[in-house]
Amino acid sequence: MQRIGVFVCWCGSNIAGTVDVVKVAEALKNEPGVVHSANYQYMCSQAGQELIKQAIKEHNLTGIVVCSCSPRMHEQTFRKTAAAAGLNPYMVEIANIREQCSWIHKDMAEGTEKAIVLGRTAIAKVNLNAPLTPGESPVTKRALVIGGGIAGIQTALDIADAGFEVDIVEKKPTIGGKMAQIDKTFPTLDCAACILTPKMVDVAQHEKIKIYSYSEVVDVKGFVGNFDVTIKRKARYVKEDVCTGCGLCTEKCPMKKVPNDFNLGMDNKRAIYIPFAQAVPKVATIDADYCNMLKNGKCGVCAKVCTANAIDYTQKDEFVEEKYGAIVAATGFNPISMDKFDEYAYSQSKDVITSLEFERLMNAAGPTAGKLLRPSDGKHPHTLVFVQCVGSRCASCAEKGKEYCSKICCMYTAKHAMLTRDKYPDTDVYVFYIDVRTPGKQFDEFYRRAVEEYGVHYIKGMVGKVSPEGEKLIVQGSDLIANKQLKIEADLVVLAAAIEPDKSARPLATMLTASMDTNDFFTEAHPKLRPVESPTAGVFLSGACQGPKDFPETVSQAGAAASKVIGLLSKDKLTGNPCVAHSDEMMCNGCSSCEKVCPYGAITYADKEFRGPNRTTLIRRVAQVNEAICQGCGCCTVACPSGAMDLKGFASKQIMAEVDAICK
Amino acid sequence: MKVSYFPGCTLKTKAKELDIYARRSAEALGVTLEEIENWQCCGGVFTTSNDEIATKLSSIRALKAAGDKGQPLVSVCSACHNVLKQTNAQFNNDADFAFRVNNYVKPDEYNGETKVIHYLELLRDVVGFDKIKEKVVNPLTGKKIAAYYGCLLLRPGKVMAMDDVENPTIMEDFIRAIGGEPVIYAYRNECCGGYITMESKELAAAKSKKVSENAKEKGAELIVTACPLCKYNLDKHAEDIPVVYITELLAEALGVKE
Amino acid sequence: MQKITRDALIEKAQTLLDSGVVTRVLGWKKGDFDYDVTPALFTDIESMKKDFVFGDFCGANFSKYLLKETKKIGVEGKVLVFLKSCDTYSFNQLLTEHRFDREKVYAVGIPCDGMVDVNKIKAIVGDGIVSIDDSAEVIKVETLYDGVKELNKADILLERCANCKSRKHVAYDELMGEDGEVIDSNRFDEVEKLEKMSADERFAFWQNELSRCIRCNACRDVCPACTCEKCVFNNPNSGVENKAAANSFEEQMFHIIRAFHVAGRCTDCGECSRVCPQHIPLHLLNRKFIKDINSFYGDYQAGETVGSRAPLTNFTKEDLEPSEAVNREDK
Amino acid sequence: MQVNEYKPKIVAFCCNWCSYAGADLAGSNRLSYPAEVKVIRVPCSCRVNPMFILRAFQRGADGVILCGCHPGDCHYTSGNYYTRRRMALLFSMLDYLGIEKERTRVEWVSAAEGAKFAATMNDFVQTVTALGENKRLEDLRCKK
Amino acid sequence: MENKQNVCNEIIRRSGVNPRKCMKCGKCSGTCPAYDEMEYHPHQFVYMVETGDIEPLLKSKSIYRCLSCFACIDRCPRGVEPAKIVEAVRLEVVRQQGNNHLKPNDLPEMLDVDLPQQAIVSAFRKYTK
């Protein structure tokens, strides 16, 4: 028989407000196995934990039940408390009387009654708990960073600087990501390239960092500390280690009409190209969709002009298998498509552009060499209208926009407006806004400067329709302050398109078994306390793949993710989850049902000798669980016809005891 | 094949071309428009309020008549189509409305299963623009035609679900199918003023003028529409640019106009 | 179809025993009555000639006996087993689950045109059966009270034989006679009939049937899919053991749990219903699962091939939802 | 205050990663649902043996609901796919035996769907309350 | 005061619109083709119904200026559907005895030979009980 201690937490008034904690503690005293019952304001506090420790010693407790907040919140805390008092941490059960009781019920009697049942259920379970000891597994001391934007770069650099090897997998031919496309950064107006490209060089030169550019992760197996990852290195038809990046081929290639995706299609590149001057690796890549040699075997100019003999038209996709201890997702974001927002005439006029396109228009390395010219006719625009929240905060139309605020648009729009007025004082600049959101250091000051010093016209209201008429774009919108409908004759309209996670994130999340929210942003292990970790052990989150972020936030989160990775890789052994499957060999039929449903391949079979009747020996095929690989889902326990397979910590008997306690 | 057909009041009087050419063209394309019996006026506009029952009963009866034959209900007038589709959607999404409606029409209860499609949808989804292309004998080659959707054909987008509300292509594809060259202009899905012409000629004039100016400015020689009221407003108040019905254009292209 | 006689089987056994291919034979043995045939192990041809029987009452499926026979250590040689077509499915299913050693078995497929159900005979002739002569198509039954009665075999077939799903043997080392075909049977008709009833009617039906259960465990013991080293109903740790008298859980749930345990593995051999002393149509539970599996996840016949993945240890991303499973129109 | 109002007993099995977190989120957002619902935490919906569900009914539960991650989002990759098959067959069997099909439910609730969790529970409790006490599973064997 | 609130509640019920969903972006009014003809604009309809300030709307000619083009419904980022509110307010007025906005006697001078029936029935449906 267990000697169980029950500890009922008030959580201030969070629990005590709707649950009579004294009554709960009193009622649970009479449950089987309970020898001690107490209540306290904050069980998770130092004093509360001390109370538990004392009770464990004083009453010789063999198990404890804490009636408190969700086990997702403080189960670890109380397990540590128990361990500190010499009790096996897996002899702790939590009754969730906050999130699943006091917070959802208003009636004291109802809340109290339910809390007692939840407490009783936890007691019924802990009566059947057994001490568990976690197994250990080794750690591969290498990290994988998926995505080579500023988030991935910063994470990789920080991990590498701590002395661990890091591989970056980037799907594009160069690292750099979105930041490489940005002109200037708010609120300091630093040139983005000036602060990014040195970091790209650092990555290239770091002896601990390897870049898999033009590559994708196609398979992930294993678990924290021991991931097996398959990387597809897409054929770039150029030998990466031979190409000197001289760029001669990119000038001689006769295929001139290839939309330049780095400039968002606003100008053209050749079929063999280096995305931009500071690309890392600075290696040419052939676009197989446009290359005549690859399509019909007629050309070969690049091979002829290449003095290094780096061109290889026969190159094939290669698959590389690598082992890692930790994986960081840094897959970034993209502006959403404007296809569904044609009230702004994006498809009808070249002079309606997105903010990222505007960024390229303002960039000295962009399609207009930094001169603000209309894409349609190359003329200098005099009246510019910026429209914010295009597709952001859009609740009615899941298929159209995003319900969330994209966070960065207010600031970059202020930046665009300010830069336009700064460079071209002859312009009139209007910004239609719903709200201007500028929480951040020097952010509001920046926005106010745009208005007060640079004379940007901020209009509280939204644009309803943009109509291309003649050379002009008639922007019809409301001015809610003036209570007027405006019709502005604009030359250029810039849409602050909502941002969304990169499309590669969803399949990656599936491979990583990492969870995502409804918008396909990765979810954190805890939104406040573990913001850079995925709930899947060994998977970390860096940058906008977790939610919209600006550069400073991205870089700080990237560093935080790196520090978590470093913490993991610094360990020689990982203690696993002891709640793993276990097969009772005496009952096992060897039927392979469990093996078939195990997602991790944790179950193997062995022929074992057993004593049969009349002094005979029987050989039976029995299942064996590799505890380092088993993640404890319990699927095998149900597949097993004989019930030989059970799950430690969530044993059938325990769950049935819980069922019984609830239904009592 | 055969489909149920709801012509609507205007098609029997002021917009006979819309009706006649719709039937002839459909016949030429292998579809028979079977006019449903004893149809009543749809009312011209759909009242969005959920306590409005009586004004929607004529639509329900039409829907029921088509449903009994197991046919989709086709209309060509944008207004009729809009009312029928919206009424059908309300019937299927608002159980209270459905209950009350069926109380009125007892014992001829409607089950909500009829599919409402516009003549253009019939051409696109049932006949297929490719097939129309094959059957064209007088292609409108080189003719720059501006499709005018107005508001009733597309909105509310969630209910009408015919095409992208802001960037539709169904009429442009139709124009291409009969050999013409579509002209894209921003006002193609803006309102012509509609029934406001009764209340304020000035407002209707301003709205429809804007539409035809914009179409002309983008190079259109001709505007096509599916709505008699749109045609009226554009004809009455707008720039001198011909406005014709989609069906007339189709009949001409198919060589069945006369 | 060529009728296989007792003598032909004894001759086959003798050849195999003499040549040393097998050392023992699993066969049928006469019990107290003609219709009371039981499985037996013969180790020499003499005892076989004496006790071995083969006729219309040899319904018993030997597959399950192979578990014990092939696990015996120190016993040399193979065991000969005669398998009717339906038995071969169980045979394969057990192989799929690694339940016996194929190397230690010599399987002889024998044709079968159906076995008869003594209960159906009793229903016609009443009690007091003295002897039954099943050597011809017309079966002669002698009773204490009424003398000899002649019965048509087709009228007294076992339910599973009347709805035979396959005359094809899916496993054997040797086949006697010609092989048959998979039959498009009407075995789901009764399930469908039940499905068409209202929930209240179904409940009344099953309450009536299951209330007769005396928990003799015959259904489980005969079932070739119920071969667990330790059955959950005998395991005090399982939570459903039948020894605890404190509640009546297993009394109520026994048949649901049992049917679920064999779902996807049951070959529909019909043994459970054959042996039930209370004549509960247990096959209707198993067939419901089979029918659902076929309609939800595509046709699947347990034991058709060795190594196939049972539907419950498999999935597709497009599987139907549980709510759809109970709300289908076509069920 | 109503005294003799019938309150069903509802057992909700929730997977640790999605649905239990969804239940927590419902709590954090103070979205109420009836106290009759008591949650049992399991690592994955695939841990739930049909026997547990039958056990709950046998011990007096009036409704059992099983919540897991959305198909495709299982923390263990595929657990809920097996759950889906198991429960489809189990529920269909219970229906076949004449047990009210509304007493059992599987619902996919993600960690982000606190509102869905609360709405689901409200709806389920309402449905089961309307059915009244579970008698059939108890009576199935013991004919009165 | 209470009556005003009742009227608003009735309008909310009848239109099926939840004005609290409005985030005050003004896109409805930015998009409205009849804006300049209206004394109160679509976003104001939503706000005034939400806050109970209903009387000015009931008296305003704005309710007859809405073209029912539904542009505000489709372009609203929050799914508020302002046109339904406008319609519900108009019904509140025209359903009162003797409040028909369009009278048969007005008709003759409005007609011309080309005017389609559709315009007449639509106007009657919109402006009368």
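The first chain written gets the first letter, and so on, giving A, B, C, D and E; residue counts start at 1 in each chain.
Going forward, contacts are C-beta pairs under 8 Å (C-beta built on N, C-alpha and C of every residue); 3 or more make two chains touch, one makes a residue touch a chain.
Bear in mind that the values here come from a model prediction, so they are computed numbers and not experimental data.
Participant: Steps needed, at minimum, to get from subunit B to subunit D via touching chains?
Facilitator: Minimal hop count between subunit B and subunit D: 2.
Participant: Work out which chains are contact partners of both subunit A and subunit C.
Facilitator: Both subunit A and subunit C are touched by D, going by the contact rule given at the top.
Participant: If you tally contacting C-beta pairs, which pair wins, A-B or A-D?
Facilitator: So, comparing the two chain pairs, more contacts are at A-D.
Participant: Which chain lies the greatest distance away from subunit C when centres are computed from Cα atoms alone?
Facilitator: Relative to subunit C, the chain with the farthest C-alpha centre is E.
Participant: With centres defined as the mean C-alpha position, give me the subunit C-subunit D separation in Å.
Facilitator: Roughly 36 Å separates the two chain centres.
Participant: Using CA atom averages as chain centres, what separation in Å is found between subunit C and subunit E?
Facilitator: 75
Participant: Could you put a whole-Å number on the gap between the CA centroids of subunit B and subunit E?
Facilitator: Using C-alpha averages as centres, the distance is 24 Å.
Participant: From the C-alpha centre of subunit A to that of subunit E, how far is it in Å?
Facilitator: So the centre of subunit A lies 46 Å away from the centre of subunit E.
Participant: What residues in subunit A touch two or more of the other chains?
Facilitator: 343, 465, 597, 639, 652, 656
Participant: Going by the touch rule set out above, which residues of subunit C reach two or more other chains?
Facilitator: 232, 238-239, 312-314, in rising order.
Participant: Which residue numbers or ranges of subunit E touch two or more of the other chains?
Facilitator: Residues 71 of subunit E each touch two or more of the other chains.
Participant: So, with touch as defined above, which chain pairs make the list?
Facilitator: So, checking each combination of chains, I get A-B, A-C, A-D, A-E, B-E, C-D as the touching pairs.
Participant: Would you tell me which residues of subunit E are touching subunit A in their complex?
Facilitator: That would be residues 21, 23-32, 35-36, 41, 43, 71, 75-80 of subunit E.
Participant: Could you please specify the touching residues of subunit C with respect to subunit D in the complex?
Facilitator: Of all residues in subunit C, those touching subunit D are 191, 194-195, 199-208, 210-211, 213, 232, 238-240, 247-249, 251-254, 256-257, 259-260, 263, 285, 288-289, 292-293, 296-297, 311-317, 319-327, 331.
Participant: Where on subunit B is subunit A touching in the complex?
Facilitator: 164, 166-167, 184-187, 190, 214, 217-218
Participant: Note which residues of subunit B are touching subunit E in the complex, please.
Facilitator: 8-10, 13-15, 41, 43-45, 47-52, 55, 77, 79, 150-151, 154-157, 165-166, 190-191, 193-200, 203, 207, 227-229, 232, 235-236
Participant: Which residues, counting only subunit A, touch subunit D once they are in their complex?
Facilitator: Its residues touching subunit D are 70-72, 96, 98-101, 103-106, 110-111, 113-114, 117-118, 121, 510, 513, 515-518, 523, 535-536, 579, 597, 599, 631-635, 637-639, 647, 650, 652, 655-656, 658-660, 662-664.
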